[in-house]
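Two complexes are shown next, each including chain A; its partner changes from chain B in the first to chain C in the second.
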Partner chain A sequence: MGRIWKQILKSKLAVIGIVIVTCLVLAAILAPALAPYDPFEIDLDLVIQEPPGPKPPSRAHWFGTDDLGRDLFSRVMYGARISLMVGVLAMGIATVIGVILGTLAGYYGGWVDAVITWMTDTAFAFPAALLAIGVMAIVPNPSVFWIFVVLGLIGWAGVARVIRGKILSVREEDYTEAARAVGAGDFRIICRYLLPNSIAPIMVSATIGIAGNILTEAWLSFLGLGAQPPVPSWGLMVTEGQAYLASHYWMCLFPGIAIAVTVLGWNLLGDGLRDALDPRLRDF
Partner chain B sequence: MIGYLLRRLLSVVPTVWGIATIIFFLMFLIPGDPVRLMLGQHGDDEARVRITHELGLDKPIAVQYGLFLKRLMLGDLGDSYRQDRPVTGILIERIPATALLAFAAMLISIVAGVVAGLAAAVRQNKITDAVVMILSLIGISTPVFWLGLLLILVFASRTFDGAPVVFGWLPVSGYGEPGWDRIRHLILPALSLSAIGMGYIARMTRSSILEVIRQDYIRTAEAKGLSRFSVLMKHTLRNAMIPVVTIIGLDFAALLGGAVATETVFSWPGLGKVIVDAIRQLDGPVVEGGVMFIALIFVLVNICVDLLYVVIDPRIRLH
Partner chain C sequence: MTAPENSKFLLDVRNLRKYFPVRSGFFAKVAAHVKAVDDVSFAIRPGEALGLVGESGCGKTTIGRCILRLIEPDEGKLLFLDEDLMKLSRSQMRIRRRDLQIIFQDPYASLNPRMTVGKIIGEGLIIHRMGRSSELTRRVRELLEIVGLNPAYASRYPHEFSGGQRQRIGIARALALNPRLIVCDEPVSALDVSIQAQVINLLQDLQDRMNLTYLFIAHDLSVVRHFCHRIAVMYLGRIVELATSEDLHSHTLHPYTNALLSSIPVPDPTHQKQRIILEGDVPTPIHKPSGCSFHTRCPVGKDKSICREVEPSLAEEAPGHFSACHFSGQI
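Take a look at the complex of A and B:
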């Protein structure tokens, strides 16, 4: 583990990624303590002050306020919670499904493999974002909860493919054969010998998957198919600012920067992890 | 080649069947009673029963599924609840707009991505390299819809913060008239949609060139006295393009998804806009038909990418 850390810390970009992700996690956890205002509190007195409307960034409101007088800095900070939850929880669901299916396909082969590979190919043939639209459009009341479910159910294909390949290559190793020879059961072989060897690719694909999930959540919420007002989701905040784009740019600008920087952080971390954990995948 | 093409096309059948099955069950779950949506408030019970029967909604689900597949094979995606006409027609008339946008975005991202990746590889570990790598990561990480809004703010708004802006060159949204006006309307949506692809292609080009440059045949080419430029263009770039083509194929998925957001931001009348409008109008058949349609395009594009491999790399055997 120490060696891996050293490897990661060697890359400047990976360090930037770690810093960004750490800040994000801290912002999400400490939002109630650090946010200067209540993110839901509407301040109409402020809105009607001359000139009426959203107020520009100032010392009192670092990112300005929105059309309802809510403090944008506080809302962006609370937005980190949603972004982090969606990213990590959805990836968790996807990873569990992907690991189970990928392991089954790689270990048992035959028709199990054929069916799972077909499922994986179908999932890949489908632009994930579009499937998410299709599902979110039929969900009775779209919300962040449904985004966890949908992204979780869509995102497993990548993990399954990686795990299947890894298991296929490890299955024939001598130590697996030895374990089988001394009478270890399938479950034991999978858990003790096959999965530990697959942790590196799982971590890499999960980190990059989190970045993708955060983007998709922002995008669904932007289209009105995700978080609903007054939830401080970054994507939704950009939508709310769209009408004020030319006159009150800050309503769109800051939530968008938050999305871009967060996704950038996870991508940098993913790149760094990949270079450190699996040098063969480097540069890909 | 023909045999390979046929085999490849046949392999699409199970995939498309899988997609169709998912779509069917999604449609089945759609909220709102389609019959009521079609009739509005005026329908009496008799009309309701008649339309339910006409839509086949009174049959068992297995029968409905069979009919759905049969209609699908004939290219029939059902009728829109809101516009009294087939979904296929509604979608087909939107293809040119999305194709134009996707093609323009693809072109920008390939040209800019390959040039940037090449520049980064040639100047590995120098400042150019660092700048290209960071910019491409930013391109990959920036939400397409937000980038679109930023571009509008900078290049299309007439005013900024109340003050007039010098950059108000381009139209804010819309499709424009055919010709020069269309191109002016195309620039901003195409640029915002191209950012992700540009990032991926630049990264892939760079790493692929760095890989190829170490090969023996490159050293041979250099040793026999070819100019650096000639080695780069004829020997390196062509071989380095193979993995890049894969990325271009994969990137197409992101592009189609991104097109939905871009078309919404710029009111570009393509497939993505039609889907989003249909979602807002609870027009189920158009939503699911549109998603199905785009998935089909995606599958077909991937076949084209596979064929492109064979053209670029004659070493790939056709089986």
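Take a look at the complex of A and C:
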């Protein structure tokens, strides 16, 4: 693991990614301690203050306040929690499903592979937006929980495809053959030989998948299909600011920047991981 | 070196056949077959080292894998101590694998990079429940010592070792289960020449000490000539000559063996070489030549119609000396 770290730290972009992701995680964990205001607290005094409406960034409110007088800096900070939770947990669900199905397809081949590949292709062909809208429309009260489900349903196919390919190649390695020669069973071969040697693409696809999930959560919430008010989700905050876009830009700007920077951070980290884990790019 | 005089075979391979389908077209129809191993029979006595020699692609590695059923043969019998391995179920075969082990060609590809050396060597012991944890550690250390490595290496990872050391680890893994037969699949051809001799000596030493039986696969005769009691020469999926090491060298019967022998460098500057250079490439095992598959490159039978039309069978030309050629000995 030390070698991989060294490789990642060699790339400036990857380091930027790590810094962004670390800040995001810290913000999410420490939000209750660091946020200057309660993100849900409505300050009516501010709302009626002349001129009425959202207040611009000031020393008291770094990112300004929204139309209900809530502190945007605190809300963006709490938003990191939603974003991170959705990104990581949904990716966790997708990764577990994807790794299991991809491994089965790659290892057993034959009709198992045919069925799983067919499922994967179907999942890919299905428009993700439509599926998300469909699920959100059906469930009684759309909430953050359902976003996990939707993202898991969308995300596993990509993971499965990557893992299947990797398993196909590791399965043919001499050391796997050696394990069969000493009498190892399927379960042992999968857990101790195939998966440990396929961990690199799993980590890369999971990291980049987190970025995708954060973006998807943002637009689902933006469309009103995800987090519901008053939850401080970045996508929802952009929606709330939309009406004031021309006159009170900060309501959209800061959550928007948060989304962009976060997605960028995860993508940079993913790319850095890919480069560090790819033996062809590694110099000893 | 003399072969142990024991007529009872440890492994008797009969009419082994393995064709790999070549698929093409939209519906992946089987268009042809690669005849990797085509009706091969041979037997190995306990304590013997049988060499299996041939050019790349002649099917020697496939035979090695078939014997361990790492590749499922299409047809034939694998009589191991009179028990047909082909008839065993998957789980029965897993138990039988104790007795049959393999040493791989590429020491860099054959060790799991994510496992320590101790775990790699002990894997078989755990699977076959041959020892508890303290006993296991002791056995792994013992095995490392047997193959000439420091027992403290057990906690290291494969990438910390050189090619020769890795091959020793591979040998220790094969030895762990006390096998009867070890298939050595070109175990030295990926190593530096200086290391090759060390590994060969180790294998020879182990054979003497532990009464091992080897099927030693190699692509040139120079490695096996001193190491093996008997040698089988393969060409395009078939055995063309099988004899004791001495007979094969002193009374070569098959023109192909003769060509292989002439390619061995002799460390003597005054030696006048008479190299037989074979023309052309090895024909593809998908479309084998008619008759004797060697006739297209054979210095003897190139123009003879019998070689083009009739496939010679492996016949015992002298006691224990088999050759598949219409003109055996006329070289």
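Methods note: the second predicted complex is superposed on the first by the 278 of 284 C-alpha atoms of A that agree within 3 Å, B and C clash if a C-alpha of one lies under 4 Å from a C-alpha of the other, contacts with A are read in each partner's own complex, and residues count from 1 in each chain.
Note that a residue touches a chain if its C-beta (ideal position, glycine included) is under 8 Å from a C-beta of that chain, and two chains touch if they have at least 3 such contacts.
The model shown is predicted, which means the values in this text are computed figures rather than measured ones.
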item	value
Chain A as common anchor, with chain B and chain C clashing or fitting	fit
First, second, both or neither for A:V238, with chain B first and chain C second	first
Touched partner set for A:L44, first chain B, second chain C, both or neither	neither
Which partner reaches more residues of chain A (counting touched residues only), chain B or chain C	B
Touching partner for A:Y193 - first (chain B), second (chain C), both, neither	second
First (chain B), second (chain C), both or neither touched by A:A33	neither
First (chain B), second (chain C), both or neither touched by A:F126	first
First (chain B), second (chain C), both or neither touched by A:A137	first
Contacts of A:L268 with chain B and chain C, given as first, second, both or neither	first
Smallest separation of CA atoms, chain C relative to chain B, angstrom	6
Residues on chain C engaged by chain A in the complex (per definition of touch)	65, 68, 70, 94-95, 97-98, 100-102, 104-106, 109-115, 123-124, 127-128, 170, 173, 176-177
Chain B-touching residues of chain A, taken from the complex the two chains share	13, 56, 118-119, 121-122, 125-131, 133-135, 137-138, 140, 211, 215, 218-219, 222-225, 235, 238, 242, 245-249, 252-253, 256, 259-261, 263-264, 267-268, 271, 283-284
Chain A-facing residues of chain B, complex	14-16, 18-19, 22-23, 26-27, 29-31, 133-134, 137-138, 140-146, 149-150, 152-153, 157-162, 207, 210-211, 253-254, 256-258, 260-261, 264-265, 275-276, 279-280, 284, 287-288, 291, 294-295, 298-299, 302
Residue numbers on chain A that touch chain C, as the complex places them	173-175, 177-185, 188, 192-193, 196-197
